[in-house]
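Next up is a structure, given as structure tokens.
Chain IDs A, B, C, D, E and F follow the sequence of writing; residue 1 opens each chain.
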Amino acid sequence: MFAIFLDSVGTLIQNCGFTSLSFGQALMILVSFLLMYLAIGRGFEPLLLLPIAFGMFLTNIPNANLYHTLIFINETGHIDWSLLAETGGLLDYLYLGVKLGIYPPLIFLGVGCMTDFGPLIANPKSFLMGAAAQLGIFLAFFGALCIGFTPAEAGSIGIIGGADGPTAIFTTTQLAPHLLGSIAVAAYSYMALVPIIQPPIMKALTTKEERMIKMEQLRPVSKIEKLIFPVLVTLVVAFLVPDTTPLIGMLMLGNLFKESGVTDRLSKTAQNELMNIVTIFLGVTVGATANAASFLNLKTLGIVAMGLCAFAFGTAGGVLLGKLMCVLSGGKINPLIGSAGVSAVPMAARVSQKVGQAENPTNFLLMHAMGPNVAGVIGSAVAAGVLLAILK
Amino acid sequence: MSIDFTLAGAVIFTGLVVVFTALVGLWGIVALFGRFFSAASNKPKPSEPPKAAPAPAPKPAAPAAPAAPVAKAAPVPVVEDGIGDEIVAVIAAAVEAMGAGESGGYVLQSIQNAAPVGAAPQFQQVVKGGRPAWAQAGLMQNTQPF
Amino acid sequence: MFAIFLDSVGTLIQNCGFTSLSFGQALMILVSFLLMYLAIGRGFEPLLLLPIAFGMFLTNIPNANLYHTLIFINETGHIDWSLLAETGGLLDYLYLGVKLGIYPPLIFLGVGCMTDFGPLIANPKSFLMGAAAQLGIFLAFFGALCIGFTPAEAGSIGIIGGADGPTAIFTTTQLAPHLLGSIAVAAYSYMALVPIIQPPIMKALTTKEERMIKMEQLRPVSKIEKLIFPVLVTLVVAFLVPDTTPLIGMLMLGNLFKESGVTDRLSKTAQNELMNIVTIFLGVTVGATANAASFLNLKTLGIVAMGLCAFAFGTAGGVLLGKLMCVLSGGKINPLIGSAGVSAVPMAARVSQKVGQAENPTNFLLMHAMGPNVAGVIGSAVAAGVLLAILK
Amino acid sequence: MSIDFTLAGAVIFTGLVVVFTALVGLWGIVALFGRFFSAASNKPKPSEPPKAAPAPAPKPAAPAAPAAPVAKAAPVPVVEDGIGDEIVAVIAAAVEAMGAGESGGYVLQSIQNAAPVGAAPQFQQVVKGGRPAWAQAGLMQNTQPF
Amino acid sequence: MFAIFLDSVGTLIQNCGFTSLSFGQALMILVSFLLMYLAIGRGFEPLLLLPIAFGMFLTNIPNANLYHTLIFINETGHIDWSLLAETGGLLDYLYLGVKLGIYPPLIFLGVGCMTDFGPLIANPKSFLMGAAAQLGIFLAFFGALCIGFTPAEAGSIGIIGGADGPTAIFTTTQLAPHLLGSIAVAAYSYMALVPIIQPPIMKALTTKEERMIKMEQLRPVSKIEKLIFPVLVTLVVAFLVPDTTPLIGMLMLGNLFKESGVTDRLSKTAQNELMNIVTIFLGVTVGATANAASFLNLKTLGIVAMGLCAFAFGTAGGVLLGKLMCVLSGGKINPLIGSAGVSAVPMAARVSQKVGQAENPTNFLLMHAMGPNVAGVIGSAVAAGVLLAILK
Amino acid sequence: MSIDFTLAGAVIFTGLVVVFTALVGLWGIVALFGRFFSAASNKPKPSEPPKAAPAPAPKPAAPAAPAAPVAKAAPVPVVEDGIGDEIVAVIAAAVEAMGAGESGGYVLQSIQNAAPVGAAPQFQQVVKGGRPAWAQAGLMQNTQPF
């Protein structure tokens, strides 16, 4: 009888994680610890990187069965519903919100409730810089193709340059779901690194005189303009690239909640509790897709390299268009605000402000940079729509 | 493996064309209705500026900037004239975020040089119940990853 | 090679909204703008009409594919799960909460947390007026039959007269889902118009002396009564018309959360965040059902006409029973509080107050009108249960 | 098309019968237990009214009504006697909602004529930490569509 | 024609609850009223017992069809998705979150955000008492076996002794879903009764001198320890018993949200709105599983009896190990803190404090008892993992 | 029915073994790193205690304990030295929860006898903006079932 007890313990030992841990899983758990350190210790976008890291940790615990790659990534290209019904774990169920494209638009709903498009409406020329900063997306796409990624993968990698987490996740889920973990980590890490990546590029491409340019104060924007704006943008963008409607539509619905002034209840919940709940679910499950097989390979290195290119070229694109506009406007536009066009709201705008103030302490570019900054969100949604339309 | 340069070219070309079309189009439309509405709304404003006048000095609501010399920053009404509370709050938040230590003295200086900006800390005193704006600013800070 | 680029752009142009927009879609988008104006500019129940209008806008963008009517409305009468799995868009997934009858009860949960049944308990005669005001439901049902609607459609139209958004949506989803958009818009619009629709009817049916009647102060209600009440009502109503249990059960659970005093946490979340989240999802997806085919036809006109009848006859029914009770009570009951029986909490009660005060500035009817007002919620839930039982 | 009048009649007849049965039934039961409980709870109340006494005048918590003449509205205890805070708050909220401009003077008048109602603004002073009630009332205002 | 009217009314009467009420349903409704009284009148864990009671009330209303046992409990052992699609009611849909094991981990996420593991880190010897207090689980398991329950049922009953609602529900859903209602009611009732069940046992097993022992103040705990702790516990527990990873993983993710200090947004939402929403859904649907057939039988009596045993033996186990540690430590450990090892956070810790203070008014054991208390949560998660691994 | 005692034994034996293995293992590891970190963190603390000094008496923030004799409880710094606000708040909350009536006099007594504990009410005065801690404690109270 004692033998039976030992047998029972033996089975447990067999199933327990210590004996079945693979080398890849061990390495992935260490990677997740590194990401936790970056999130908590270094403040790298902790609201998303911490859940992502913890999801990565949980998914690599042997036999825990919280997430099953095969349910979502298989030959059929569709969710394997019967496998889900049989073996589904907690993170499989929560991941449905990512896979079905529900969470990213809901986060955009909350972002819309927090975004002030006033600076963009006051200075609509900013749209141009928001467009130019998407250059990085397409150059990184090309680079990724060149180093051997498939077109769909390359599109997902390029979108890292959009500097917009939800857009990157939304696009990648449809184009290259097997890269979701790496791409999300790269996107959020680089967004956290914007204050380090951008300044040298901005300084290299501008002269001291350009950086010292002071810009005219923005004109006041009336409430009616702020109300028409979200509807107008939805109309134009959704008509032009219908694939991006879930993102841009929810972003603008949120903004309408905010600007209408009659739906404060909805605006507050959308930008707080709803967004936080979705953020937790999104982060943990996106992290959970990062198993050893999909993360520990050369592709991840390629993603890291091309993601950096995307950010760098996006910054350069924005600044160069800023220079052009500076010339055309007769020196009234400070090209530094162009770099904010990569999105990464509001960090990239702060970087513009900081670099500008370093030359001239009385120079306040923040509000001017907010224009390209929010235009960049719209711009990368458009770019995502194009990639989805062609590559899906 | 052979790269499909045609596809690559099509993606890049189409992408840039569409992105620029969309955003240039939006620029045009927004500029157009902006001109229309700013023309329409330029008249009924003059009644607002006095709102700023009665609260020139007391009780700074936030420790973001030294309050004393601010009172000299005369052109306060500029801020009132249409720029939302939140915009001003965001500027102030950014100033704070940039680190007090790093560029400690600049706030004072800038206030005397650049009137529109100097008005920012001043505004904080006007909006005594200014929490919402600040809460919003703090919130933005907290949610930058999205 | 340049030809291929053009080809690619050409495909995008072919798919883009500007070229594939149908006349109906264009018209529906204009209708959605009108509703946005009513919600924001005129304050027509903005918490629901704004999401509904935006959902209507999104659903009519060509090729955006956010919502697919065929998934939910087809010959089988059931949700087409395989079509959902293949082509589902954001609003299809969110619409499941409407289609499966989840959102309306959850909104009622929140409403229950905010409702004070004290005035009804103090003056239970109010139940009578809450019953009489349901007259409009049945007359509008008859009217709709007469102008050519099917019985199930007519039932859904009648329930507009219940003046209760969630009840109308819950009922219509089961009886006539193809009319959901029009009926929801009509219901919320008329609820917003209560202060305009009711007063002339109330004045026409009452004499100046009746309108000037002051009512005795309501007796205090003990906590134990407030605790027994929700359980009692659930028991009676759910036993009598089981089909309405999801609505009445959740309403009363919410009320129990409120009155128990020991579940404040739950009550606060149910009436705020949970309700707001559900409201956003409900509104946007109900709006999304309104495509051109289902909205731009004579039926919508019929719904608008019959909805108005429902409100008018409901008001009249309540006032007339109020007159009867005034006589029977020896002039102690002001018939104006009868009109509040249509529900539209608390707007209809405010209208009673206002019309009464117009005759006699010292007349405070609000609390007395709250009795029929909340009784009307129960009454229309009962009426909905009957319609569902017979017509489903 | 031919209308099924029998079905129509059945729906209308059944509907009205059931609605009235249900609500008349509820009236009966609620009235019954109301009589029972109000009889039971009529005695232990007299200790509460003094709660209102010590706070006759200072610091009106809300701007809903002119506070001065309110102090004269003697029968304040009536309000205390069982009507919940929220009910009073709702009345006050309604008064406010009806528009100050439209019927500007009535608040004062009504206070002197109708004691129970006049007590409402008074009550606001009693409940100094009265926020919850007002928040609740505001909330109700915000959520009327549901 | 009048006959047809009567017919229609007749059908309604036939379907109405008053005529089809079974004796069992009537009894269950009375039981639900008793539970409501316990929740509201006596304060028995109202946040869960009130929703559970109301769910029990709703599910026993004849013909309301809010919940269908057959969908979840049938020969196949799986959810009958086609039956759900055809007949699903409100509580069926909400119950999916219980059945699929989603709600309990989400509640643990919130609990993690509210738990301070500091006292356990400062005095890790507490882990021992948290282990010993799980004795009740295994003795009750044995007792349940002896009185005729199957092993899987006995495991579910034993876990009541874990004194942790979500753990009990999570385990029971997988091992013995037909007992979910009874076990949840027993678990939450006994948790509410901890201040009555524990003191006599604690006094019987300890001497006055032991109870008067004052303990040394706890050492301060650094932030880095608080950050490593949740990751470490997840690592050890999830590796050892992978089946418990959803619970322990979410608990520790929540704790990391709290301790990291950089994700306050997420922590606040997880411990408030998300937890409240899930609590409402969990409570109502767990209550809904309690129909007459599954609740009104001798098994429920057995569950009640064995649940009490589980609590009593758990308390005894904790106290006895406390005595042992008292001896081994040379009288520095007050054995009263051992009883807190059953979990029931923070009530059991308060009981330790209260019993200790009764002997010596200057004795403050609360913080020392918090150590075993939170260790007990971890301990019962481990025990649940073992039961699931062997009995599932 | 026949009971499968082998299975029962296996479950109980395995269960206890695994539970004790897991928790004893955690004890070991936590004790280990605890020793490491408490060694590491013992030095940089001495700058904190003075924080307690300047606020010996005024305005008790909570009614949990009689404030007057508290000032005598000298060893306040003990509390400062690393025990989090919440821990102290939880103690105080427990004191309150235990019922003032039941053991009315003990607070005073204990303060003079047991210095570390006596420090608790004192602490309340130091943390004037102590709401978060109390809110947290209240929350814990509210959420005990979970």
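Here is the rule we go by: contacts are C-beta pairs under 8 Å (C-beta built on N, C-alpha and C of every residue); 3 or more make two chains touch, one makes a residue touch a chain.
Just so you know, these numbers come straight off a predicted model, no measurement behind them.
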* To do: Taking CA centroids for every chain, report which one is farthest away from subunit C.
  => F
* E-F or B-C, whichever has more C-beta pairs in contact -> E-F
* **Centroid comparison with subunit D (C-alpha atoms), farthest chain** => A
* Candidate from B-C, E-F or A-F with the same interface as C-D, over half of contact pairs in common -> E-F
* Rounded Å distance between subunit C and subunit F, as computed from the means of their C-alpha atoms -> 51
* To do: Would you kindly tell me how far, in whole Å, the mean C-alpha position of subunit B lies from that of subunit A?
  => 24
* What is the distance, in whole Å, between the centres of subunit D and subunit E, each centre taken as the mean of its C-alpha atoms? -> 41
* Mind pulling the residue numbers of subunit B that touch at least two other chains? => 10-11, 14, 18, 142-143
* Structure fact -> So subunit A residues touching two or more other chains come to 8, 12, 47, 240-241, 265, 273, 279, 386, 390
* Residue ranges of subunit C in contact with subunit B within the complex -> 1, 4-5, 7-9, 12
* Mind pulling up the subunit F residues that touch subunit E in the complex? -> 1, 3-4, 7-8, 10-12, 14-16, 18-27, 29-31, 33-34, 37-38, 40-41, 45, 78, 81-84, 86-87, 90-91, 94, 97-98, 103, 106, 109-110, 113-114, 116-117, 136, 139-140, 142-146
* In their complex, what parts of subunit E are in touch with subunit F? -> 45, 47-49, 107, 110-111, 114, 116, 118-122, 124-125, 127-128, 130-131, 134-135, 137-138, 141-142, 145-146, 148, 151, 154-155, 165-166, 188, 191-192, 214, 217-222, 224-225, 228-229, 232-233, 236-237, 240-241, 271, 275, 279, 344-347, 350, 353-354, 357, 361-362, 364, 366-367, 370, 375, 378-379, 382-383, 385-387, 390-391
* To do: Flag every residue of subunit C that touches subunit E in the complex, lowest number first.
  => 78-79, 81, 100-102, 105, 109, 227, 231, 234-235, 238-242, 245-246, 249-250, 253, 256-257, 260-263, 265-266, 268-270, 273-274, 386, 389-390
* Hey, which residues of subunit E end up touching subunit C in the complex? -> 8, 11-12, 15-18, 21, 29, 33, 36, 39-40, 43, 46-47, 50-51, 54, 57-58, 61-66, 85-86, 88-90, 93-94, 272-273, 276-277, 279-280, 284
